[in-house]
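What follows is chain A paired twice: with chain B in the first complex and chain C in the second.
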Partner chain A sequence: MINYDLAVIGGGPAGMAAALKAKECGVEKIVILERAETLGGILEQCIHTGFGLHYFGEELSGPEYAAKFIDLVKETDIDVKVNTMVLSVSEDKTVTAVNTSDGLIKIQAKAVILAMGCRERPRGALQIAGTRASGIMTAGTAQKYVNIDGYMPGKKVVILGSGDIGLIMARRMTLEGAEVKVVCELMPFSGGLTRNIVQCLNDFNIPLRLSTTVIETHGKERLEGVTIAQVDDKLCPIPGTEEYIECDTLMLSVGLIPENELTKQAGISLDRITNGAIVNEMRETDCDGIFACGNVLQVHDLVDYVTLESQIAGEGAARYILGKDSGEKVYIKTVPENGVRYIVPQKVNIKSKEDIKLYFRVGAIYKNKKLTVEAGGKVISSKKKVKLAPGEMENVVIPSDVLASLGGTDTIKVRVED
Partner chain B sequence: MYDVAIVGAGVTGAMTARELSKYNIKIALLEKCNDVAMGSTKANSGIVHAGFDAAEGSLMAKMNVKGCSMMAETCKKLNVPYKNNGSLVVAFSEEEMKHLDTLFERGVKNGVPDMKIISKDELLKMEPNLNPDVFGALYAPTAGIVCPYELTIAAAECAVKNGVEFIRNCEVKSAKTDDEKITLDTTQGEIEAKYVINAAGVFADDLARMLGDDTLHITARKGEYFLLDKSVGNTVSHTIFQCPSKMGKGILVAQTVDGNLLMGPTAEDIDDKSNVATTNSGLDTVKKFAAKSVPSVSARNAITSFSGLRAHADAHEFILGVSEKNPRLINAAGIESPGLSSAPAIAEYLSDTVKSVLSDIKIKENYDDTRKAPVRFRHMTDDERAELIKKNSSYGRIICRCETVTEGEIIDAIKAPAGARDVDGVKRRTRAGMGRCQGGFCGSKVVEILARELGCDINEITKFGGNSNILFDKTK
Partner chain C sequence: MKKDMNCVACPLGCLITVEYEGSEVISVKGNTCKRGDAYARTEITNPVRSIHSTVKVNGGEHPVVPCKTSGPIPKSAIFDVMKEINKVTVDAPVKIGQVFIKNVCNTGVDIVATNNDNGK
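This part shows the complex of A and B:
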C-alpha cells in the first residue's frame, strides 16, 4: 500500500488542472494515474486549433493546450504514473491499479479526484440495421488513426451525427484527400458548436442534412454504402425518403458518455441526465473526499471549461485534505426547469461565502428567449438570449449574498422563458 | 495425402477434428474464412437444449440428448465456460399449456431427464421478471448455456495441438473423386484426402454437389438478435423460450455465459447464403416478442445486434454419415439447432463412421483431449494478478478497458494453435472490444498488436479476413 494525500485518476486536461490546483493550495503528496502512454488525454489527438480561447486568450491546438499543463506538472513534485489503468476505487479511497513496471499497486489516498473523461457512443447502441462490414467506426477512433497512427481509415465518408468530433473529422478527412459525402444529423439542429459548422462543413462545401439518419449499412466485407432517410418529428424514418449513398466509411459522432464505471463501483450516485456523479459546488460527490471533474462529470464542448471546473475540484480536494472545509454546510438543490436539461452542480452549500457558477445545457434550440434564475421563490436574474442551443453550455452566477439569504428548504431554479 | 479432410471449421467441424485427432491418422481442417467459427457457429443462441423439441426417434433427438449430457464434461476438459442454468418453455394460454404436455411427453420418449410442468406461481418465483400473464412452463433442468465460438476455438486449439492441420482462407472451388481419394481444388491449392467430412454449414449442399451427391438441400434461415449490456444480464436466470412453431423455437430471452442478456432469434428463409445483414423489421420482431416473455427487456440496453444463418435441411433432420452417392464423402449436414447442443455427440458419431471406413486406425499414446485455460485477467484476484504481472509484464498493460483485457491475453490469443489473425478473432478469444465502447478505444491498439505479432503493416490487418481491411494508405 502506497500512501498519498491525493490520487487523481486520469491525466487529461481535467486531471492535470485539478492536480495542479491542489498542489497550489498546499497539498503535498499527489499522484496522477494515466492509462495512456503520456499525459494529455484526448487532446493529444485533437491537432486542430480552437483550444484555449477562453482560458489562455489564444488559439491553440489540442497538444499545445495539453503541453502547457504537462510542463506545469513537470515543474512540481506531482508523481505521474502513465500506462497505468485503475481497476477500482473504493469508498475508503483505496485505488487499485496496474501497469507493466509496478505490477499491481494499491494506493491509499486521503482524497480522490475522478477525471476519467468520456467515451463515444458506439454503433451497437444505435441499432442501425445491415451488415457488420469494416469501415464503421466512431469519429474519435478515426481521428486516432489519422492523427496519431498516420493512416487513412477511409476514402469516401459518410458521417452520422454532427457532434463536434464528427465536424472536425469531416474537415480533417477532406484535407487528407478523402471525399466526405454528407453529414447526417438525426435532430433538426446540430449538436456541435456553430464555429465548427462554419469552419469544418460550410468552408468545404460538405452538406449537413438535418432530420436525417442512416438506416442501413451495406457491404459484406468492407462497407460499400449506406441508406439514409429523413425522419419525422418523432425521429422515425419517413418511408419513401430512403437514399443510397456509396461510401467505404461510416463515422459516428452520436454522443459522448462519461466513463463512470469506477464511479459506480465506488457506490457514488449518478445524475440520470448527465450520466456523471451528483456533486456539490466543489465537485465533491456523495462519497466524502471523492471529487469528479471534466468530461467524466458532464460532457463539455470546450476544454477551457474543463480546466475551470477541474480547478474547483482541485481546490475542493485541497480543502478536504487540509481540513479547511469544516464550516457549516447546508445543501440545497439546483433544479432544471422548462427547457433546461440539467444543472451542474446539482446541489450547493448556502453557507458558502463565495459566488457559485451553475453550468447547464438546454434541450432544444431557442431564439430570443429569457434565461431566468429563481432562488428561494424569487427571480434573481432574467437575461435575454438571442440563441440557446444544446451544443453550447451556458452558465449563470449565483452571488454569495443571494445564497446567504436562502434557507435549507429553498431551491435554485433555472428555466427558459418567453 | 490426408486420411480425412474436414471442410468447415464451425462447431461441428472443430469438435469432429478434435475427436478424430486421438487417432493415428492425418487430418486437415479446412476453413474458407480467416478464422474458425465464422458461419452459423458465430451467431446463434448459445443454448444447450435439453432435447424435447426434436421428433422422437430422430437423429436430432438422439444427438441432442446425448450431446447435452456430454457438454459439461467437454467444456470442463476444454476450459470453456458452461452453465447448467435450465430452460423454461413459457405458456401464455390454456392451449399452449396443452402444447407443453406434448413437449413433455416427447421429452420423456427422447430420454430427457427430470423435466417438470410447473405452475404460474412456481414459475414466477423462479423468474420474477416474467410477464405476469404466464400460465405455466415446461422446466428442463438439464439445459444449459455455452459460448458457441469459445467452444469451437477451444476444440480447434485442442485438435491442432494433437496434430490436426488447420488451413484457413481455404475455400473449396471444385472437387473430384477417384478410387483412392478425393481431390479438392481450393483457394490454397489442391488438397487430397481419402475421406472428406462435409461440415460446410449452409454450404453443405453445394459441397456435396461438387462431390456427386445432389440429395442435400440446405436453406439458410436467418435469425436476428440483440445483445444487451451486462447491467441487465440478471433479468432472467433460466433460458426463456416461448412455445415453438414450425419455423423453430421462437424468440428466447437468455443469459449468456459471459453475463449479458440475449434476445432473439427471428426465423426468415433467405436466398443469399452469405447475407447476415440485420433488418429493421427483424429487429423490431425481436423487440416485440422478447417483451412478451419479459416485459422489462428493452433494446435501449442493447450493446449490439447481429444475425446468423441456420443450415436448415428440408427434412429438419441431421444428415450424418457416409453419403449414398459417394463412399468417400461423409456428411455432417443440416446441422441447425440443436446442432451446438449435439456437437459432442455428432463428433463421436462421425468419428465412429471414420473408424468404420479407415482400416488400421489406432488411438495415439500422447493424445491430450484438454485445452489449457487461457489467462483471464478480469476473473483473477489481485494477488493472482500481481503474481502474473511479475512473471510477464505484458499482463500489466490493459488494452480493453471495458472488459479488462490485457496485452498478454491478446498476444496469447494470436500465438495459440489456430490463433487469431484479425480484430474479430482477438475479440472472440479475449473479449477485447466486446464491452460498452465496442472497440472504440481498444480497436486501434488491437490492430497495432496484431500487426506487430504477425509481422505485417497495420493496414494489412482486417476486421474478419477477406477485404475487411480497417485502414487504407498512409496519410499525406
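This part shows the complex of A and C:
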C-alpha cells in the first residue's frame, strides 16, 4: 500500500488542473494516474486552434494548451504515473491500479479526484444495418489516426453527426486530400458551434444535411457506401427518401459519454441527464472526499471551462484533506426547469459564504428568450438571451448574499422564459 | 450586392448581412459587436483563415508532429500552403514554436510546431 494525500485519476486537462490547484492550496503528496503514454489527454490529438481563449486570452491548439499544464506539473513534486490503468476506486479512497513497471499497486489516499474524461458513442450504440466492414469509426479515432499516427483512414468520407469533432474532422480530411461527401445530422439543428460549420464545412462546400441519418452501410471487407434517409419529427426514417452514397469511410460524431465505470463501482450516485456524478459546489460527490471534474462530470464544449471546474475540485479536495471544510453545511437542490436540461452542481451549500456559479445546458435552440433564476421562490435574475443552443454551455452566478438568505427547504431554479 | 454570413469571431455566430459593391463594403448589419463588423469586412475584401496540420518527424515519439500557420493566411492560399506543409520532414527533438517553413507561399506567415516531441 502506497500512501498519498491526493490521488487524481486521469492526466488530461481536468486531472492536471485539479492536481496543480490542490498543490497550490498546500496539499503535499499528490499522484496523477494516467492510462496513456503521456499527460495531456485528448488535447494531444486536437491540433486545431480555439483552445484557451477564455483562460489564457490567446488562441492555442490542443497540444499547446496541454503543454502549458504539463510544464507546470513538471515544475512541482506531483508524482505522475503514465501507462497506468486504474482498476477500481473504493469508498474508503483506496485506488487499485496496474502498470508494467510497478505491477499491481494499491494507493491509499485521503481524497480522490475523478478526472477520467469521456469517450465517444460507438457504432454499436446506433441502430445502423450492415456488416462490420472496415472503414467505420468514430471521428475521434480517425482524428488519432491522422494527427498522432500520421496516416489517412480513407479517401471518400461520410460523416454522421455534426458535433464539433465531426466538423473538425471534415475539414482535416479535406485538407489532407480526402473528399468529404456529406455530413448528416439526425436533429433539425447542428450540435456544433456555428463558427465550426462556417470554417469547416461552408469554406470547403461540404454539404450539411439536417434531419438526415445513415440507415445502412454497404460492403463486406471494406465499406463501399452508405444509405442515408431523411427523418420525420419523431426521428424515424421517411420511406422513399433513401439515397445511396459511395464512400470508403464512415465517421461517427454522435455524442460523448462520460467514462464513469470507476465512479459507479465506488457506489457514487450519477445524474441521469449528465451521466456524471451528482456533486456539490466544490464538485464533491456523495462519497466523502471523492471529487469529480471535467468531462467525466459533464461533457464540456470548451477546455477552458474544464480547467476552471477542475480548479474548483482541486481546491475542494485540498480543503477536505487539510481539514478546512469543517464549517456548517446545509445543502439545497438546483432544479432545471422549462427548457433547461441539467444543472451542475446539482446541490449547493447555502452556508458556503462564496458566490457559486451554476453551469447548465438547454434542450433546444431558443432565440430572444430570457434566462430566469429563482431562489427560494424569488426571481433573482432574468437576463435576455439572443440565442441559446444545446451545444453551448451557459452559466449563472448565485451571489453569496442570496445563498445566505435561503433556508434548507428552498431550491434554486433556472428556466427559459419568454 | 448583399451577402449573409455567420460570424466566426466568437461562439455566438451572429448572422450578418453585408451590402457591398465590388470590394467596397457599403453596410454591415446584424452583428452585435465590433469584431463582427471587422470580420464581415475582411470576409468581403480578403477572407483569411488559420490552418493546422502535421509534418513527418524522424525519430520522434510519434510519426508526425502538429503545426499551424503563425497567423491567418488568405483563404485562397489554403491548399497551396497544405502542399508545402506536406513536403516537410523534420528531425526530433521538436519544440513548440519551432519554425518549419518561413514565409510559406509568400504569405508572410510561418509554419510552426504546436507540440513538443522529445524523440524516442
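General observations
By our rule, the second predicted complex is superposed on the first by the 418 of 418 C-alpha atoms of A that agree within 3 Å, B and C clash if a C-alpha of one lies under 4 Å from a C-alpha of the other, contacts with A are read in each partner's own complex, and residues count from 1 in each chain.
In this text, a contact is a pair of C-beta atoms (placed from the backbone, for glycine too) under 8 Å apart; a residue touches a chain by one contact, two chains touch by 3 or more.
All of these numbers come straight from a predicted model, not from anything done at the bench.
Of the two partner chains placed around the shared chain by superposition, chain B and chain C are both touched by A:149.
Looking at the shared chain after the overlay, A:138 reaches chain B, while chain C stays out of its contact range. Set against each other, chain B and chain C differ in how many residues of chain A they touch, and the higher count belongs to B. In the superposition on chain A, contact of A:1 is made with neither chain B nor chain C. In the superposition on chain A, A:194 contacts chain C only, with no contact to chain B.
Of the two partner chains, chain B is the only one that A:85 touches; chain C does not reach it. When the shared chain is aligned, chain C comes close enough to touch A:44, but chain B does not.
Counting contacts by the rule stated earlier, residues 146, 148-151, 176 of chain A appear in both its interface with chain B and its interface with chain C. Put simply, chain A touches chain C in their complex at residues 37-38, 44, 47-49, 59-61, 63-64, 67, 146-151, 175-176, 193-195, 197-199, 203, 301, 386-387, 392. For chain A in complex with chain B, the residues that touch the partner chain are 35, 83, 85, 87, 96, 98-104, 106, 119-120, 122-125, 127, 129-135, 137-138, 140-141, 144-146, 148-155, 176-177, 215-218, 220-222, 257, 259, 261. Across the interface of their complex, chain A is touched by residues 226-227, 274, 276-280, 282-283, 299, 302-306, 382, 385-386, 389-390, 393-394, 396-398, 401-402, 404, 436-441, 443-444, 448, 458-459, 462-464, 466-476 of chain B.
Residues 5-13, 32, 49-54, 56, 61-64, 66-68, 75, 78-79, 82, 96, 114-116 of chain C touch chain A in their complex.
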